[in-house]
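Both of the next two complexes hold subunit A, though its partner changes from subunit B to subunit C.
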Partner chain A sequence: MNMVSKLKLRSRKQWLGVLFVFPWIAGFLIFTLYPLVTTIIYSFSTVRFKLEGVSITYENVKNFTDVLFKDPEFKLALPKYLVQIFYFVPMVLVFSILLSLLLNNNLKGRSFFRALFFLPVIIISGPVVENLQTMGAASLQGLGSFPVYRFIHESIPDFIAAPVLYVFDNAIMILWYTGVQTLIFLSAMQKIDRSIYEASMVDGASSWQLFWKIIIPTIKPFIFLNSIYTIVDVSMSTMNPIIIEIKNAMFNIKKGFGFAAAASWIYFFIILLTVLISYFLFGRERK
Partner chain B sequence: MVNINIKNLRRVRRFAVTRQHLKGSMANLLLYIMMTAVGFVFLYPILVMTAESTKDVYDLVNPLVRWFPTKIYIANFTRAWVVLGGFKTLLSSGGYMLLVAICQTISSAVIGYGFAKFDFKLKNALFMLMVCTFIIPDQVTFMPNYLMFKSFGMLKTIMPFLLPALLGQGIKNVIFILIYCQFFKMIPKALDEAAEIDGAGFLRIFAGINLPLAMPATVVVFIFSFVWHWNETYLTDLYFEDAIRTFPLALSKFTEYFQKLFPVEDFANPMLRMNEGVRMAGTLLCILPLVIMYLLVEPKLVESLDRAGITGE
Partner chain C sequence: MRYQGTKINPTRYDRSQLKFFIILSVLGVFMVLPIIYIISTAFKPMEELFAYPPRFFVRKPTFDNFRKLFEVVQSSGIPLSRYIFNSIMSSLTMVLTSVVISSMAAYILSKKKFRTKNLLFEINTLALMFVPAAVQIPRYLIIEKLGLIDTFAALVLPLLAMPVNVFLIKQFIDQVPNSLIESAYMDGANDFFVLFKIVMPIIMPALVTVAILAFQTSWNTPDPSSYYINDDAKKTFAFFMSAITTRISGNTVQGQGIASAASLILFIPNIVIYIIMQNKVINTMAYSGIK
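Take a look at the complex of A and B:
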C-alpha cells in the first residue's frame, strides 16, 4: 500500500515537472522545430507567394550553390564575417579577462568602474552602433597619427601587424562587447579562496605565475562559456554583414525565401563550426 | 650590543614596511590610471555624442571647436525628439516591451523551476536540447514564423513577440531559463518538503516560497529582457513594419523620417538641414531612457547578477 502511494507520488511529481516545462516544449515545437523543418524544405526549393498561398517547387541544391558560388553579395559578406569572428572573439575574451583582473583588486571606486564597464551592454543596439560608426565616434580619432600606430603599420610584417592594428581600430567596439563576459569572469575570480593566493605567495610564486597557474585554470570553463556567448552575440547583432544579406535576399524577387533559407542554414553551420572550434580550444576537460 | 642590534633591526623593518607600503600605493595609482584610461575609452563615444549634439551648424564645420561648442544649441534635441516620434513612441515602445518582458520573465521562471526541481524522463535530454537552441540564429527560424504570424493576421501587433516570450522562445530566452534554473537549484529542497508536509500545493510552493527567494534572478531576467527587447531592431522592423514605432527603429530610419518631417525648402538656410548634430542628438535621446533606468537600478542589478549564480557554486 505504502509502496503504491509512494509510486503514485513519484509519478505525480514527474507529471508536475512536465507541466512546468510544458510551455517550453510547446514553444520549441511551434516556434523552433516546425520552422527549422520548414526552412530545410525551403532551402531545397523555390518559394513563390501566390494569391492562393505558398507554392514550393523542389530544386535540389541549387540554392546552396547559388549562395556559395554565384551570389556576389554573399561572397563579399562571408569573408567579412569570418574576419570579424576570428579577430573579434579572441580580442573580446582577452580584454574581458584583463578588465576583470583590473576589477578584481580591492580598490575604492571599484563599483563605479564596474558599473561603467557594464553600461554598454545596456545601451548597445544596431542603430546606435551604426550611427556612431558613421560619425566616426566608434573609433578613437587621431589614433592613426600616433607614432606607435604608424610604426606598427609601416615596419612590422603584415600578418603580425594586422591583428594589432585591428585592436587599435576597433578598440571601442571590442570594449563595448565585453560587459557580460567581464562580469562572469569577475565573479568566477572572486570565488577563488584568498588563502590559495597566500599559500602560493609563501611558496614564492610571482603574480605572473599566480595568473597562469591559479586564475586561468579556475576560469577556464568560463572562457568556453564566454566564447560561445561572444560568438552568438557577434553573429546575431544587427550589423552583421551576413544577416543583412539574408534579410535583403528574403524580399528580393530574384532570390526569395529559398535562397535566404539556404543562406541561413549555411550561416548556422558556420556558427556551429566556430562553436566547435572553441570547444576544442577551451571546453574539453583535461584528464 | 644587543640593544643596538634590536634598534637596527627595527629600523630595517620599518624601512621594509614603508617600502612595501609605497610599492602598494604605487601599484594602486597605476591601477587607477589604467582604469581611468579604459573608462575614458568606454565613455568616448558618449562624450563625442554629447559634444556633437550640442553644436550648431557653424560649430560643426569649425575645426577649432571639438569638445566644447561655443554655445549649447538645444534645437538639435527638439528636432530629433520630433523625428523619433516623441512621447507617443516612447510610451508605446516602452509599454509594449514592458509587457513582453513581464511575460518572458514569468515563463522563464516557470520553465526554469521545472528543470531545476523535478525529475522526469528525458529531462536531461530536453535540457541539453534547450541549451543547444541558443546557437540557432533567428534567421533560420524566422521565415516560417513570419509567414505563420502573417497568416494569423498578427503582423503589426505585439503578438509575434508576446507569444514566443510566453512559451520560452523569446529573445535570448535560453539565458534567462538557465539563470532561473541555477537559482532554483540553490534553494534547498528541504524547504519545499517542509511546505509540502504543511499542506501547501505545488503552486503555493512555487509562487509563495521559491519565487520570492529567487528575487535576484527575477531582477536580472526582467531588466535584461526589457533592455534586449527594447534594443531589438531586426525582428521589430520585420514584424511591426511601420505600424508600431520604437526609438531604435526610428533611429535606424532617421534620415528618411527627418526628410519627411522637415522637407528642405529653403536651401539657403543650412540650419534646417539634416546634420551630424541632429543625428547624434537622436542617438543620445534613444539611449537616454536606458541610461536613466540603468542609473536607477545599477546597484541592485550588479548585486543580483552576482547572486544569480551565473557562474555556479
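Take a look at the complex of A and C:
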C-alpha cells in the first residue's frame, strides 16, 4: 500500500517535469534539430528546387572538398574570421570585466551608467551597425596619426603589434559588443558578499589581490558562459565574413544549397573548436 | 576619505570617485553614438546623406524624409496600423512564450536529475553554433508541411526556437542555491510555485535580458513575413519598412532618405522597451535570498 502511493507520487512528479520541458523539446525538435539534420543530407548532395519539390542527388563529399579546396572566397574569409575570433573575443571579455568592475562601484548615478552600458544590446542586434561601420563611425578616426599608434606600428615586432593595433582599430566595435556580457559579469559580482571583501581587507589584502583571489574565481563560470556567448555572437553576426559568404552561396547557381550546407557544417566545426579552447581555459571546474 | 564605519565604498559622492566618472563618461559617449547617428541621419536632407566625406551630425535638419515616407505609406493599399498591429501582437506573443518556455526547460535541465539531461543540453549548446541562414530552407519546408503558411503562428513559432535563451537562463538557474529550492519543497511548494515565485524572481536580470533579445529579433526581422506569409494583411511592420525601402531602391537616391526615416521609426519601440525593462534588470540584480 505504502509502496504504491510512493510510486504514484514519483511518476506524477516525473510527469510534471516532462510537462515543463515538453514545449521546448517539441519546438526544438521541429524547428531546429530537424532542419539541422536535413542540412546534413543536403551537404552531401546537389540540391535543386523545382516546382514539384526539392530534388536531391547524392554527391558524396564533393561539396566539402569544393568548399575547402576549390572555393577561393571561403579561403579568403576564413583567416579574416580567425583573426576576429582570437583578437576580438578576448578583448570583449576583458573590456566587459573592466566595465563591470567600474559599474560595481557605489557611484552616484550608477543606475544611469548601467543603463547606458547595457544600451549596445539593442544596437548590436539591430540593422544600424552595418551603416555605422560603412560610415567609419565604428573606428576612431585619425588614430593612425597619433604618435603612440605610429610607434607601436613601426618599432614593435609584428606578432606583438598586430593584436594591439587591432584593439585600437576596433575599440568602438568591441565596446558595442559588451552589453550582455557586462550585465552578466555585473550580476555575478553583485553576488559576492561584502563581508568577504571586508574580511580579506582586514587580513591586509590589496584591491589587486581582491580582484585576482576573490572576484575572478567567483565570476569564473560566467567567464566561460560569456566566452561562449561572445563567440556565438561574433560568429553569427550578419557582418561576419563567412556568414556573408554562405548566404551568397545559397543563391548562387554554381554553388547552390548543398555547397552552403557543407560550408555551414565546416564552419560549425571551426566554431566548436574555438568553444572547446575556451572550455579548456575557463570551463573546467576545480575538484 | 572620511570614516566609513564597516562600509568600504562611500555612499555619497567623493572626490576619489572622479576618475571613475571620467572613464565612464568617455566610454559612455561611444555607447550613445549609434542612437545619435540614427536620429541625426533621419533628419538629413538629400545632399547631406550623400555628402563625401560622410558627416556624423545633421547640419540642416528637415522633415523631408518623413514626408516622403508617409506619401509612400499612403499609396499602399493596406493601412499602416494593420502592419503595426501584426508586429506588436507577434512580438509580444513571442517574448512571453519564449521566456516562459525557455525558463521552464532551463529549470528542469538545471535542477532535476534524469538520464538524457546532459545530452539534451549539449545538443542545445551545439545548435547555438550552427549558421541560422543555413536552416532556412528546411525550416520553410516544415512550415509548409505543417500548413502554417499564411498563419499568425508562422510569425511566432520559427523564432521561438532560440537555443541561446535556454542556454543563458540555464546558466543563471545553476547559480540558484539548491537549499533554497529544497526549503520551498519542505514547505509544500510544487515545481510551478518554485519556478514562478522563487527561481524566476531571482534570475530576473537574465530573464529581462532574454526578453529584450527576443523582442529585438522578433521586432526587427522581416524574414518570417517574407518567407512564410503571402497575404499582405498578415505581414509585419519590419517587413513593410524593408519592402518600401527596397521597392523604391530602383531609385536609390530617393530610397536612402526614406530608409533612414523608416529605420528611426522602427528603432523607437526598441528604445522604449529597453527603457521600461532596463530598470528591472538593474534593480533586481541578484539578491540570492540566502546568506
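We take it that the second predicted complex is superposed on the first by the 268 of 287 C-alpha atoms of A that agree within 3 Å, B and C clash if a C-alpha of one lies under 4 Å from a C-alpha of the other, contacts with A are read in each partner's own complex, and residues count from 1 in each chain.
Convention: a residue touches a chain if its C-beta (ideal position, glycine included) is under 8 Å from a C-beta of that chain, and two chains touch if they have at least 3 such contacts.
From a predicted model like this one, the values you see are computed outputs, not experimental measurements.
After superposition onto subunit A, partners subunit B and subunit C are found to clash with each other. In the superposed pair of complexes, A:Leu183 makes contact with subunit B and with subunit C alike.
Using the contact criterion defined above for the overlaid structures, shared-chain residue A:Thr39 touches subunit B and also reaches subunit C. Look at A:Lys254: by the touch rule set out above, it reaches neither subunit B nor subunit C.
Shared-chain residue A:Phe28: touches subunit B and subunit C both.
Note: residues 13-14, 16-17, 20-21, 23-25, 27-28, 30-32, 34-36, 38-39, 42, 54, 99, 102, 105, 107, 111, 113-123, 125-128, 131-132, 135, 137, 172, 175-176, 183-184, 187-188, 191, 222, 228, 231-232, 235-236, 243, 246-247, 250, 257, 260-261, 264, 267-268, 271-272, 275 of subunit A belong to the subunit B contact set and to the subunit C contact set alike, using the contact criterion stated above.
Taken together, the subunit A residues at the contact with subunit C in this complex read 13-14, 16-17, 20-21, 23-25, 27-28, 30-36, 38-39, 42, 49, 54, 99, 102-103, 105-108, 111, 113-123, 125-129, 131-132, 135-137, 172, 175-176, 180, 183-184, 186-188, 190-191, 193-194, 197-198, 201, 221-222, 225, 228-229, 231-232, 235-236, 243, 246-247, 250, 257, 260-261, 264, 267-268, 271-272, 275. Partner subunit A is touched in their complex by these residues of subunit B: 28, 31-32, 34-35, 38-39, 41-45, 48-49, 52, 107, 110-111, 113-115, 117-121, 123, 126, 129-130, 133-145, 147, 163-164, 166-169, 177, 202, 206, 227, 230-234, 238, 248-249, 251-252, 254, 276, 279-280, 282-283, 286-287, 290-291, 293-294, 298-299, 302, 305-306, 310-311. Taken in their complex, subunit C has these residues touching subunit A: 6-13, 17, 20-21, 23-24, 27-28, 30-35, 37-38, 41, 54, 56, 101-102, 104-105, 107-109, 112, 114, 120, 123-139, 141-142, 146, 157-158, 160-161, 163-164, 166-168, 171, 174-175, 190-192, 195, 205-206, 209, 212-213, 216-217, 220, 263, 267, 270-271, 274-275, 278-279, 281-283, 285-286, 288, 291.
Listed in rising order, the residues of subunit A touching subunit B in the complex are 13-28, 30-32, 34-36, 38-39, 42, 54, 99, 102, 105, 107, 109, 111, 113-128, 130-132, 135, 137-138, 140, 171-172, 175-176, 183-184, 187-188, 191, 222, 228, 231-232, 235-236, 238, 243, 246-247, 250, 257, 260-261, 263-265, 267-268, 271-272, 275.
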